[in-house]
Every structure is written in structure tokens, then in C-alpha cells.
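Quick one: this structure, given as C-alpha cells, is what I'll be asking you about.
Labels A, B and C are assigned to the chains in the order they are written; within every chain, residues are numbered from 1.
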Amino acid sequence: MSEAILDIPLDSTKTAINPVEPYLRMDRMPHIWCPGCGIGTTVNCFARALESSGLNLDKVAIVSGIGCTGRVAGYANLDSFHTTHGRAIPFATGLKLSNPELQVVVYSGDGDLFAIGGNHFIHAARRNMDIKVICVNNLTYAMTGGQTGPATPTEVISATSPYGVFEPSFNLVQLAEAAGASYVARWTTYHVKQLSRSMEEVLHKKGFCFIEVLSPCPTLYQRRNKMGDGLDAMKFYKEVSKVRHGAPTSECALTRAGEIVVGKFVDRDRPDYLELLNRQMTATLGDRYATPEVTCSEG
Amino acid sequence: MHADPNGVLTGVHFLDGDHACCEGTLAAGARFAAGYPITPSTEVVERFAWRIPTVGGIFIQMEDELAASIAIQGAVWGGAKAFTVTSGPGFSLMMEHIGYAAITETPCVFVNVQRGGPSTGLPTLPAQADMMQAKWGSHGDYSIIALCPNSPQECFDLTVTGFNLAEEFRVPVMMMLDECVGHMTEKVVIPEAGQIAITPRRFTYKSPAEFRLFEPREDLVPDMVKAGDGYRFHVTGLTHDERGYPSMNVETQDRLVRRMRDKLKPFANGRAVFEAENLDDAEVVVVSYGITSRVAQRATQMARAQGVRAGKFRIISAWPFPEQHIRELAGRVKAFVFPELNLGQMVHEVERCAAGRAKVISVPHAGGSVHKPEVILQAILEAAR
Amino acid sequence: MQRGLTKLGLTEIRIAGFGGQGVILAATVIGKAAAIFEGGYATMTQSFGPEARGGSSAAQVILSGEPILYPYVTQPDILVVMSQEAYTVFAPQLKPGGILIVEQELVRIDHPPQGVRFYGVPATRLAEELGRKVVLNIVMVGFFAAVTHMLDPDSLRQAVADSVPPAMQKLNLQAFDKGFEYGAELVQRLAENGDAEPLLLETES
């Protein structure tokens, strides 16, 4: 791990500026996340990815759903949209198609993206919609008090599974690959450097990209399951994570305390939705096809 | 500003209401539509899917109505004029996003070709039973505009109006068709583009530094921006301040919710769209909207022929409800007769506005067809007694 | 407009057959001729839903010199049927004194309804003579034009041309003329027999 990335200066004098400040809405600080929560770490990585991407940030938009991670959009100093529960992906789809020069990032949680929004996830992946989905997976519905989610491993105790989760969970990376994603990776909040690099990579990759980030929720998930605090989570991630780039995603399912396979699993080139659209319309309509110009003119 | 000729199919056509509505969206400047198939509304987007590649825009068939109704809002914030189309169960699924459009003041159009309900109900037959849902279906206090065409020609004309009103007031506009109007084919005249007035999006003239996303102008409507122009704005469905930032307090909530209501007041009071006939001497006023207004007009003519002084008040903009007009009429007529293809919805608005000063007679019909004119006539005759 | 529309007042027409016969197009042509090319009013509705997938197909057109308020056909003045099932279902609803037009080789009538004017045409065979069975619907429209005199045949021809792809115009106009000629000859023959308004007349087959 790079010391430099974690070494955020604590100097409170006016001259000291946190390197990620330009990427955040500082007028909205402090944020709402709990001590030890991993979402802020992912945002830090995202800010650094934005910085190193060299992209014109006026042309990067971020869309979130609802939940703890759903609040990310509100802190990002970008055109940002905090939408409804589960619907960040279809909102992002409309945004991208109406204004294709935007790089559209969906930043949301496991419950939002894979339970209430699960259908949108698989269809956006199927279409290879050119959006980048970052899922902060804390294995629970944190905003509402720690209930069982679609990614909660079995045997875990949650607010709605007081006797232990017995229903199987999704393997998110396998789901993403099967649905057609062009890029699939998984990291934990321990792997900040790798995560930043993956984020930067997807900002330059065409098509539907998916990054899962395992992230601790000390307040709810860990407390109920006697898994310690944020630092214990880092130790746990360090201990059980195994980097296996290119690992078959079918072998990457998560359990309560077992190995966490991390790495980049899928990186393939498929034509994205707009490319397919243009290709099809040009083939069938020829000169009659008018390239979409969706934005309306000013008054 | 006038319509972009690219989208305007100028000429005399023989079109059904769904297809005419689609032509209205194109004339109005919509270049993005998202939909999900559902009878009896699918023809609107089928035609859009067929037309749009040569006009220059995008249709996407989404995975469900939830997706369609939020994809259009993403498109609007990307700079598009956009709409979705649905019926019955699909309209129910869209409710949450009507609220999102209301609180984020996203100008967009929802076309609802009403069919019999509840639930799957009568997929291929008409009703007007979503009128209250259109106004109140999403949770919380908010305002929308709803327009009720009664012919394919009006499906064209009023769809253009609907898009214009959405831009002017920054509210979701509901085009409340019904299966009968949507599937009925009649002559539709589409004018030259230069004769179709278009309300352009009111983009801010302010710089990103001085711009505040939800700072209202004198008309209580804030200016628009679009993503990618450097404003770095934040849109949320949470209660928000003028910067667009979440603000969970009583004062912000009060200011926001009241403004969202008040910005439509000029429309409710002065610019309600309606048709009136024979009101000067009327003792009985037949109030109606949508397809029912045609049958009601027939009944009114029959009543006149029998010597009853019946008048017609046809509501075209159902929401905000044209209360001023009903209040004024209530002071001088004996009774209102209100046929609708539901068991009595908008009639409650007339009762509220009449406030006991005139009789209000509901002529309900559970849907699946339209009233027989004789049934309405009977109600008029009884009201006149 | 002038021709028949104002004189006839409101006229309800139902056209029915089975899926694939072009019932809707036939109704569209009649509606267009009245509303666009004769300046009158026309409202067309069609049956939707499970019953309209495959199986049977029906379309209704109301023609009038005045705006049409009530949108549905209740008791048609004119019924055009192209299938036995359509005949069975809809013949009882025909208005007394109304006009019944049948594709006579597809519809067998054992007990014709009482008190209606009846005309038969072998539209499928006439269409086949033109080489394309699919234009039987337009043959029916041509025949309809000749026996009802409601609309100017030229308006109908314009409506036909306006309703089909350019490559199909010639064929469809031939189909219209073929049906029209057959109808005109039939009317002529009936007139010669002194039976211009035939009640329940069985045509030769």
C-alpha cells in the first residue's frame, strides 16, 4: 500500500489543503458517515482517480441511489444526482444517452444496486451501457439500521435476521460478468491504491464497468456480528484477501469469514449501446439516419 | 420560438390518438423517450421508435416503468426534452418518479392512456379512473399539470401544449388520454413548424459562481441548467435549499413545498384550459373531460332540443382544477351534472367548489366503454326538475 | 364533400373478417376518403385485445357531415363481412334497412337477415385474378363504393393511394377498380331487373 495515499495532512492552517478537496463539496462537510465506515475511503480513492484520470471534470457526472453510499453524489464536486432508491442506473442511462460526452459514474450501495435496483443493473450490463458502476458493498442496509441485503452472507446476524441469515447471497462480480459487463473488479477498502487504479481505469474504458468495493460498517454489521471496529475490518481484509487477477468470477463468492478474492476479473471489449445503435441504424437507414442530437436548444 | 421542422410532420393525416400524441411530442421538440410496452399506450412509443432515427434522437425500451420514468429525467438533466408513456399498472409503477420530478422540478411529460382498473383490469378498454392518481398518486404535497384531450387532433395539439407548460412551470405534465381517444382514428392536421409555438427551456444566464440551482425567479420557477456545462450542481429528491443541498428542517420544507404549489397558481387561476358553450342562460351545466366530453356534448344538445337550458363546461386542464370557473358558475346555475368513466373522482372537486350553492350530480360509469348519451340526458333532465 | 355525406347524415359502418384480410386498412381507406378527401368527418375504431390477435378482426367507421361525438358504432347502417364468423357475430346487429356486403365465397348465408339490402362479391377471386390475394380488402372497398354511392370513387382512389406503400399503389388501385366495376355492373343489372333496392337478393355464384 502506498503511504502517500493514506498520508492525509492534518495541518489545520489555512494554507494546508487536503489534496482531495477540489473534488469534494467542502461546504457540505462534515459528512454523515460513521467513524470507521469505509465509504469515505472509497471517495478518497475516487477523488484521486478523478485527479489522475486527467478528465475534464465538468464532463463527469455522478449518480447515486439511496442509502449511505447514496450520499456520495452529494459530496462530489461534480454534476451530481441523488436519485430514488434503486434507480441510479436508469437515471444514468437517460443522462448518458442525452448527453454522450458526459462520463457518467453510478456510485451506490449493495442493497440499492442489487435488491431494489437489481433488474436495472443486469439490463444496463446486458446493453453494455457506457456507465461506470461503483458498488460500495458493506453487506447490509446501513442507512435503515442494518437489515439483511442481497449480498449479506449466510450466518450473519442482521436487524431483520436476528437468528442468522439463511438465504443465499449474490456473488456480485459473477452476476456482473454473466450479465455482460465489459469490466469487473473487486477490492476492499484496504486496497486503496488498487481501487484508485481500477477507478481510473474504468474512467477511460468504454462500456458497462463494475467495481465492487468491500467496505466495513462497524456501527451495524460488525457490531452485531462481533467483528470489531473499522481497524479490525482492515486487519480482517488484509488477512483474508487474496489478489487473483483474472480469477473465474464463479470462484469469488463471499462468505462471512472466508477468503475474499480481489482483483480485476474481467476486462473485455464489447461495442457499447450507442455504438450498436448507430451501427444498426446506419445499416438499415443509411443516409436517412440522423445522428441523435438530443439536447434542446437554448431559448 | 417555433418548432424544429425536423420533427414536424406537416400535413393532413388520418391518425389514432396514440400516434397523434407521438407526433405532438416530436413537434414539441422531444428527442428522448423511454418506455415499456403496455396496452393501450404502446403505439405512442412504437411510432416514436419508428420516427426518431430519421429525426435525430433516441428511444430506449427500458426494463420496466420505474426505469422508463426515471431515465427520462436523467435525459432532461442531460439537456433533453423527454417523455414516457404508460397505462394502468405502469402508471402505478411510475408514481415515485412523478414525485421525484416534482421535487427536483424536472420538466417532463408522462402520457397515460387510461384503461379500466384496478390492477390489470381492462387492458384494451377505456376508463378515466386515474384522475386522482395523477394528482395525488405520489406521496407528499406537490403539484402537477394534467391535460385531457378528447380527439386525435387534440392528442397532437395538447401534447405540444403539455411540453410547453412543463418547461414554463418546471413540473411533470400528465397527458391523460384514455383507450378510446388513444385508439380512435380521425383526421389530424399538423401545421407548419413555423406555426407551432414552442416554449424553450429557460437555461440560466448566470455564471456557475453566482448560480444557485433552486433559486426561483419572480415567477417562483428556478432557471435550468444541464449537466456538462460546468455548473457542478447537485440534484436530490431530499428536501433541499436553494443550492440544491439536502436540508432537513421545518423551514426549508415549508418554503420548498409551498413554492412548488404556489408556482402553479397563475395557471390555476387565470390560464385554465377549458371549453364552454351555452353557459349564459344555463340552468344545468354538464361538466366533463376527455372522451366523455364528446358524449356529454351530445347529451347537452339533446337536452337543449327538449327545452332544457343545458350548458357545457369541458375541462381540458384537469389539474390544477379550474376552481375559479366552477365557483363562479355555482353561484348562478341550478345544478352540475358530471359524467366520468369512474365511480366519481373529479366530481368531488366540483362539489368542493360548488360548496352547496348548486346541486352536483355524479353520473358514474365503471369503464370499459363510454356513457350512452341517453344516460347523461336523463341526469340532465332530473337536474333541471 | 357534398356527395353523400351531408345527405346521408351520420352513417355507421362495420367491416369484419379474419386477421390478415386487411380489415383495418379497408376501414382506414373509407375514413380517409371521407375525412380528408371529401372534407367530412370520420371516426374509426377497431377491436383490440386478445380477440384481435389472429382470429377475428373488426373495424368500425362512422362518417358524417358534422363532428362525430359518440365514438362507437352501435347499430351499423352498413356491414361488410369477409368471414363466416364475422357474419355470424355481427349480422344480427345490422340496422333494419341497412346494407349487408359479403365476400360471397367466404360467407355462406342460409338464413339471411330480414329487411336488409344485400350485396355479394367474390372479392378473393377477383383479387387472385390480379395476381395478389392480399388486395381482396381493396376489392371490397371498390365494391362498397359502387353499391353504396356514399363517397366519391375518386376520393376513395386517393385514399387508397395514400394508404399503401408506393410500390403497391398500382395494384391496389387496380383492385379498387375491379371491385368497383363488379359492383357497378351488379347495380346496373339489378336496375334493369327493376330491383334497384334489392331485399335479400341472392347473387349468382
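For this structure, a couple of remarks:
Here is the rule we go by: contacts are C-beta pairs under 8 Å (C-beta built on N, C-alpha and C of every residue); 3 or more make two chains touch, one makes a residue touch a chain.
As the structure is a computational prediction, the values presented were derived from the model and not from experiment.
Counting hops only between chains that touch, subunit A reaches subunit C in a minimum of 2. Among all pairs of chains, A-B has the largest number of C-beta pairs in contact.
Per-chain CA centroids place subunit A at a distance of 62 Å from subunit C.
Computed from the mean C-alpha positions, the centre of subunit A lies at a distance of 37 Å from the centre of subunit B. Considering their complex, residues 12-14, 16, 39-40, 123-125, 179-180, 183-187, 291, 294-295, 297-298, 369-370, 373 of subunit B touch subunit C.
On the side of subunit B, the complex with subunit A involves touching residues 1, 6, 29, 31-32, 34, 53-58, 60, 62-64, 66-68, 70-82, 96-97, 100, 199-203, 226-238, 245-246.
By the touch criterion stated above, subunit C contacts subunit B in their complex at residues 28, 31-32, 35-36, 41-46, 48-49, 52, 68-72.
Taken together, the subunit A residues at the contact with subunit B in this complex read 25, 27-28, 57-59, 61, 63, 73-74, 77-84, 86-87, 89-99, 101-102, 119-120, 123, 277, 281, 285, 288-299.
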